[in-house]
Amino acid sequence: MRLALLLAALALLGPFMSEYGLKLASEALILGLYAMAFNLLFRQAGLLSFGQAAFFGLGAYAMALLTQKAEWPFLATLPASLLVSALGALIIGFFSIRLTRIYFTMLTLAFAQLLYAIAHKWYAFTGGDNGITDLRPPGLLGESLPFYYLVLLAFALAVIFLAALEGSPFGYALRALRDNRARAEAVGIDSFRHLLLAFVISGGLSGLAGFLQGALQRSVFPDYLFWTRSAEAILSTILGGSGFFLGPAVGASAFLLLRVVVQAKTEYWPFFLGVLLLLMVLFFPRGLTGLALGLIKWPTEVRRDASGG
Amino acid sequence: MDIGFYLLQLLTGLAYASTLFLLSVGLSLIFGAMGIVNFAHGSFYMLGAYLFYAFTRGQVEGFWGGLLSVLASGLVIGALVERLLIRPIYARPEEHQILLTYALLLILEDAVRFFFGAAYRSFPMPEAFSSPLFILGSPFPSYYLFLIGLAALFALLLWGFLYRTRLGVWIRAATQDREMLEALGVNVPLLYTAVFGLGIALAALGGAALLPLQAATPGMAVDAVISAFIVVVIGGLGSVWGALLGAVLIGLLQAFGILLLPEWAMVFPFGLMALVLLLRPWGLLGRPPAVRT
Amino acid sequence: MRRVLGLVLAVWVGLWILALSLGPVRAQGQQPIKVGALFILSGNFAGYGKSGSQGAQLAAEEINARGGVLGRPIQLVVVDDQGNPEVGVREARRLILQEKVDFLFGIDSSSVALAVAPLTDEYKIPLVVTHAATPTLTEQCRPYVFRTSNNARMDAWAAAALAATLPVKRWANIGPDYEFGRVSWQDFITRLKQLRPDVEVVSEQWPRFGSTDYASFITALMRARPEGVFSTLWAGDMVIFARQAKQFGFFNQVKYFVNPVGAALEVLAPLGKETPEGLLVSARYWFLYPNTERNRAFVEAYRKRFGEYPSYNAEEAYAGLHMLARAVEKAKSTQAEAVRRAFEADGGLVYDAPEGRKRMRPEDHQVFEGLVWGYTKHTPDYPFAILDRLRIIPANDTAYPTQCKR
Amino acid sequence: MTLLVAENIYRSFQGFMALAGVSLRVEEGSFHALVGPNGAGKTTLFNVITGRLAPDRGRVFFQGREITGWPTPRVARLGLAVSFQRAQPFVSMTLLEAVALARVGYQGKTFQLFTPLRHLVEVLEEARWALSKVGLDGAAQRRVSELPLGDLKRLDVAMALVARPKLLLLDEPLAGLSRAERRQMVEFIRGLLRQEGVTLLFTEHDTEAVLALADRITVLHQGQVLAEGIPEEIRQNAEVRKAFLGGAA
């Protein structure tokens, strides 16, 4: 219920926001969706993936290449982006999921960097570091408000899907595997297939975020695949509080806003961002959401529900 | 078939390997002993380069003194960082360590740019190494031989330290069983401070030792940490010999790879890392994680 | 204590969300002409961005000192695009929509320039590029994108024109492995083969852009025994490569080392007295050329203001802003279409910059200018190497035909 | 009908021969105890049967079908449920959710992404049944992380029971329980399971409980079957006494 309230509020806020506010809000929602996709793997299945940029980039490049080279209409490339990034996740997941802990994290990083190098070097096909530009969606979706509603719709559908998934047998199976893999397998839950499906879903949603970001930015570059993009998903999730359902989305918008706000003020924005992250880790491990809930003292019932109890 | 050239290429490969080893051995030591994933490792490598420049003020006479002072200050800085920032989050899950060290990366990059400015800082070549050695007729810089020697020396010193001293035994034991160590009355927190300090000192020394051949740039930390991770993952997280093997493999891969496939120099390290992770995830010389019954 | 810290944090962030989303605050009083400048102010290339922003700042101060443009002062808003295309687009939008700038300006990285360029069509805000060198930007022939400095193809053609005069048949390349490095080599060698069909390529080396070890590449190059080496290594890469190559005696064996971006002060200053002599290098501007009153005045003003010699990036930004001011005065308006016509009118706007005459080609808004090359040489009165035996390549030798394709 | 057959199982760990040619037959409806000192190979045999460990040699059949080398989840879905010696709960869930998930797991229906678990009425009923059987139905909504050890053990058994298994494997069900809890568990096993017609294979040290519960006993010693038979035969068996009681009369 709280979710619907929030989405409705965001929808109503649309027309009142300035052009720049719409662009910022769209990007915040896109990065929020991207962080939520990461948290599906991280919180539900306990997998710390450092390669989400691979799927974010695949989704963006699928859209860019199909619209630029194959003249596909913009929205027609949406299913293609989801498919390509999900397929990428299937292949990378197939190899990575067998590994555990830091080795899984490192292999996903290696795969993402391999894709970055390929996008960077395959100049003829991807345009290399010149990237692919002029990706403004034609017609209505090229305007800020309609595009904001497209992003909000995508965000809403993804978040509702993730909320449903969390309460579904599949969501419980993932958490069972995370809590105790041996016990989960002993009750008939096949760890490889469940984790791989979670990896593919997370990959597809990250691809969706990449698709939207490419359209918002009007261009796609190898940077979409670089490891700092994967780090962004992790930072947003922890900043927002990975223990809370909407934590990553809160973290993503806070992370984006802080970068924009602090960067507008000083050339040494990384320093201030670093200090803030340091404070968060040391004093507010439960993230901004944990902090906010602590401050506002919501009735415990809501808090229990918020943490996907 | 000119043997001379291939020998030369081998030496350049080993030279690059020695720079990679000096950069990454500290990371492997810290992860091995403490299980800490230190994303700021490259920043301490950068800090070492800039501190070396500051201590010697770019004067070539300060070379040897500069190296020692960087090693010492690296130890102190490492110990302080461990004591103040890393200790509170031992019990915390992995991603908190990643976030904290990433925050350190951001802070250090800007601190260096604030104090040293954005220009590239380099250091003149000490005369002892200014004339190249001639190997089968082609010149090979003596400073590279110094680096290869330094890397080999450190590999031996670390090996001796880890396998032949009581402190070393404790450090290796810390990887397997921290509780057992505490049971034996070892002051583990102090041990961790020492290990982290040593790891950072090695990184700082690596940065300093490379300055005569390279240049300190404000953005070098991000690139260095990726190279360090690749070396350590290939060699095996936590194994000092693994870091050496990983460094040598990448060094030789670049030295000879560019003869066959000059186009693909950029992809070699990641390709090798992915291959190793697929075939032997815990690295060539790493130990498989304790199999959970 | 933790609660208070948290509360402060939350309120602070909330305030900003409100400020950003509800719209800009309108500056009152005489409407300044706002120019949003994007430069790289962090990371490996912060040096280039800093000198660029300083050059633009000096120009703005000069313009305002003489009463501004159309009676309105120029207000320069400098932001850090970090050389990242996404940040570039986000910051450009903030400048356009939030700061309500009239023009976008500067941009060091080619990928950022290509990412920001489409916004000029979308928001009808002209962009004056002063550093990014990708020829692709010129080929796009966008109505509101203007480049007041030469692009990489012109440098390559100039290098080829020079190389053709050298007694060299065996050529090799070592360049950074990305578009700038690749395209420059392609343009150079194709153009050189047209001028000297007898040349041959003996080796191509492609180190990763930003790599810190060139030993293996140097030995591989030296083995091929090239007489001439073309390179577009720049920034830290060039500094590191030069130092390592010197150790290998590379510069004794290779007679001619040709680098169109090697004469940047960001490279020569850190190398100082260690710069090998006899390198045939160029940059878009060399502060000791031309020996005119105009140039000496600029160098002196820049040095007095910032305590360092102006690098090519500083002069190009300085000249770019002045040229933009000239166009606005001619157009008598800051409106995009008027400014475009002003740039294109009567054969293209001409401006006498410290480095010499710049003429904007109307078809693709690319400035053509003479390029200065020289051989590095150490002298007692400068802490770094200066250019000796200057070779000037006139503008029409580098003016390749217009190729608009998008 | 013989429910489970383990034929000539060999399994070694870096040279140590945990199982050296062990064979076992479990008849349907029987209560079969697997006893022996620590390190005799009991848990290893369990792990081979449930698929956690593949045998070096030998074959395993369940309801006449060969399942040698099958992965644990696939074996579990055949209706062969196991409850571990060390209870390993799903800490992030409530008791009801944990048992309900186990039910869905055994049915192999965990790939449902859209229907909420709490809407699966049949599953929840089965879960409540299993919890009531182990006397935990009152605590259904409590969080697993707040349970004492004794209850965790019973929850673990409930998670096996909810499968309505054809064969239930209990690995030292009495380990770590107080005297009262042990008596309660023995009662539970004897009374309830008879009623449900469950076939039980269990390991246990407490010889008194084994003799009270089992209608067939297999004695393992250093990876080999020392003796097999009904409780009385085993009690008199000289070999068993020698091995267990150190040869004392």
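Miscellaneous remarks
As written, the chains take the letters A, B, C and D, and residue 1 is the first residue of each chain.
The rule is simple: contacts are C-beta pairs under 8 Å (C-beta built on N, C-alpha and C of every residue); 3 or more make two chains touch, one makes a residue touch a chain.
Which protein is which chain? UniProt says A = Branched-chain amino acid ABC transporter permease.
If you're wondering where the values come from, they're calculated on a predicted model, not measured in any experiment.
Among the remaining chains, those touching chain A as well as chain C are B.
Note on connectivity: the fewest steps through touching chains from chain C to chain D is 2.
Of all chains, the one whose Cα centroid sits at the greatest distance from that of chain B is D. Chain nearest the geometric middle of the protein is A, using mean C-alpha positions. If you average the Cα atoms of chain B and of chain C, the two centres end up 35 Å apart. Separating the CA-averaged centres of chain B and chain D is a span of 51 Å. Centre-to-centre, using mean CA coordinates, chain A is 43 Å away from chain D. Chain centres here are Cα averages; for chain A and chain B they lie 32 Å apart.
Residues of chain D found to touch two or more other chains are absent. The set of chain C residues that touch two or more partner chains comprises 41-42, 177. For chain A, the set of residues touching two or more other chains reads 120-121, 182, 270. Shown here, the protein chains touch in an arrangement that is not a line, ring, star or fully connected set.
Shown are all chain pairs that touch, namely A-B, A-C, A-D, B-C. Considering their complex, residues 2-3, 5-7, 9-10, 13, 16-17, 20-24, 41-42, 79-80, 84-86, 89-91, 93-94, 97-98, 110-111, 114-115, 117-119, 122, 134, 136, 177-179, 182, 406 of chain C touch chain A. Those residues of chain A that touch chain D in the complex are listed here as 161, 164-165, 167-173, 175-176, 178-180, 182-191, 194, 197, 309.
By the touch criterion stated above, chain A contacts chain B in their complex at residues 42, 48, 95, 98-103, 105-107, 109-111, 113-114, 117-118, 120-121, 181-182, 227-228, 231, 234-235, 237-239, 242, 268, 270-271, 273-278, 280-282, 285.
Those residues of chain B that touch chain A in the shared complex are 31, 37, 85, 88-89, 92, 94-96, 98-100, 102-107, 109-111, 113-114, 222, 226, 229, 233, 237, 263-264, 266-267, 270-271, 273-274, 277-278, 281-282, 289, 292.
Only residues 16-21, 23-25, 27, 120-121, 123, 128-131, 133-136, 213, 217-219, 221, 223-224, 254, 257-258, 260-261, 263-264, 267, 269-270, 279, 283-284, 288, 291-292, 294-295 of chain A touch chain C when the two sit together in their complex.
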